[in-house]
């Protein structure tokens, strides 16, 4: 089934909003309740994020592809799975949706609607972490969507669940989510000055994985427009 | 396969009873064992609730649709997936089953069969939380049941697992469960005076999501009677 | 595919051994590492048991039906899914396998090969818990195996994951596992004098669910010999 | 679809690298954040490893079979699922990939690129643990891949999640991962002098399970070259 651009953008907006609300909201709840044990707060944050990804990709995947991530949209455009004008529109609503989701999370927890994060996340080890995290995410997406598309929601959610713990940056792996998290001075926040390098590393990781899988699974290149699960085009 | 109304109501009763028993019982167990760390108690409560939803929707879905939730039944009636008289009967047995499940949980843990909750949950941020929680729940149900019905049990369970942590109210998102939880002065309880606004917000969230998806996936409106997974009609 | 009785009994033996090894072993590990926080130990025990059930039912289900539980075998025999002589053999190897698994768990953790449990678990609330736990387990099995057999491994594992927390007895729900756990004076143990009432309650719960589903899904009675997932007969 | 050896080896290299990065990285993160509660650190380590396995087997399974484990490759070669020269190449890149993944994990967490582990893991109970762990792993793989290949990613991940807790050794069950973990003096490390017996026990367990399933499911022996899920040959 083919959905028109307005429906697809709505799906990307609502999905990105719920994704950031899940990340930011569960971070607030986890920090409030865990009595100072950061591992327990991060465990709650991890479970909430992974479970949200299962639900959101199953829900919005058939409508918009459930990219919910500019790095995914760019990679898809490179592989001709989405046109460049549509990709640009996707990215804009992903960022807007992410920011909106952060605001909703703040209001649900009785905080001011936004706050600028002071959570420092800098250093080359974190930049490397974001490169690895997004390289892995796009590897999972390309590997599954080309060969086992029904598994994408579970594969992506499982990957992010794992990457929260095996990268030092807790695997943002998403430029729209990174931007939205600069507006939240809570557990999940990131200082605005640290965001640009995170985003550069994410895009570099996404590109590297895309080129690797273009070589690994070449005979599927002709089907690039069917690449993402339930892609509407 | 079509089941008669008596079988379907039995499924809704037993399913709702197990759902509330899982919520209330695991709340009691979590609080007893966690030594005052609320995050660990809520983590146990979350895992028990999410896992119960997978099992219950897989078990009762093919018989009654496994609504187990008046907000879901109302939304389904609006979309002509269930007749209004059947919907009314569903809602009554969901509430009765939920209360029965709470009683069973109390007896399993050696408590008096019921107690009126004194757990205060008031304030606009919690009301907003319930609106968002139920808006998300119905979005997941409509998104998956219209386009990928086999995934509903996993999508709903994952969503609630996440929403326990990203909403400030721990995502009741269910009027029958809300009523049943007023009769339990334990971890999962809610003061009776706080319940009405919770229920209003839940119904408003369910309506908003139903209207959104009626617009998002319009060409499926004609198939509304096949909307919910394994719906018996 | 049909497997001969020797292969099926081997599958039940190995599967029951791994199930008890998972329950007892993870209980020992959880208690050793959790620094006295019982909720964390039980969380580890829960996750290990639920995950083991997914793996074991997927592995041995196609061979023997992966009952791994005398209550399930009895219910299946009542519904003519297995002959009574075969059922008796199943039950004997389930008990033997369970005891063997407990011994292996003890040896892996450097403990004496067996010890008689002194873990008191008595009182009517625990007996009610076991009735409810096994009623729910058989409801899930009958509901899924009659209508969605591929989902049985996930439904059963999810159910037990939940029931560990929502019943006061942590949901033994299995006579063979109950017997095996009397031989382990560790976290998961049960005093031998408490076992008989647990087993009576388990069998009563299994019977009640079997009769309920015989009525709920009557038109499938004729297919009773195909009831359990991938049943070999 | 058939992939050439270079693509398959690349998949094994990248997959093994991510597997070890997940094990080592999440061990470092878990230990840093858990405030000395080893159970919480191991819970994080467990969830990250299990989730990584779901994602990696779904991603690389269709390309190389996603062995990611010399014990699996050897067992597959014994059953004629892979030629011996290819098996040797697989094993070499699995070890190299595993070591590379450990290095990446160290760099992401700002540690020196490698360190020799001083984490003592010796004694017969641990050797027995590794035999049992790998016997179970290969049982799960043979049971599922012969009869329900689509379930392999979930069955293997669930099994390892469980075995982290029910074996005293936290279930390495993989010679390549064992070697890689000797180069990391962190939570997940193992002293080089303890590694050889671990590996011997792993191979013995893998062989035992392979022979058991060769007997249990004999009529599938003729299809041995289709044994592993999505095997490329």
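In order of appearance the chains are A, B, C and D, and numbering begins at 1 in each one.
Here is the rule we go by: a residue touches a chain if its C-beta (ideal position, glycine included) is under 8 Å from a C-beta of that chain, and two chains touch if they have at least 3 such contacts.
Quick caveat, the model's predicted, so the values are computed rather than measured.
Same or different: do the copies subunit A and subunit D touch each other through matching residue numbers, with over half of them shared?
Under half shared, hence different.
Need the CA-centroid distance for the pair subunit A / subunit C, whole Å please.
Computed value for the inter-centroid distance: 39 Å.
Between subunit C and subunit D, tell me the centre distance in angstrom, where each centre is the average of that chain's C-alpha atoms.
Result: the chain centres lie 28 Å from each other.
Two or more other chains in contact with one residue: find those residues in subunit C.
Within subunit C, residues 37, 40, 43 contact more than one other chain.
Okay, what are all the chain pairs that touch?
A-B, A-D, B-C, C-D
How about subunit D: which of its residues touch subunit A in the complex?
These residues of subunit D touch subunit A: 1, 3, 7, 10-11, 14, 18, 21-26, 29-30, 33-35, 37, 40-41, 43-45, 47-49, 51-52, 54-55, 58-63, 104-105, 107-110, 153, 157, 230.
Under the stated contact criterion, what part of subunit C meets subunit B in this complex?
Per the touch definition, subunit C meets subunit B at residues 36-40, 42-43, 46, 50, 123, 125, 128-129, 132, 136, 139-140, 143-144, 147-148, 151, 154-156, 158-159, 161-162, 164-169, 212, 215-217, 219.
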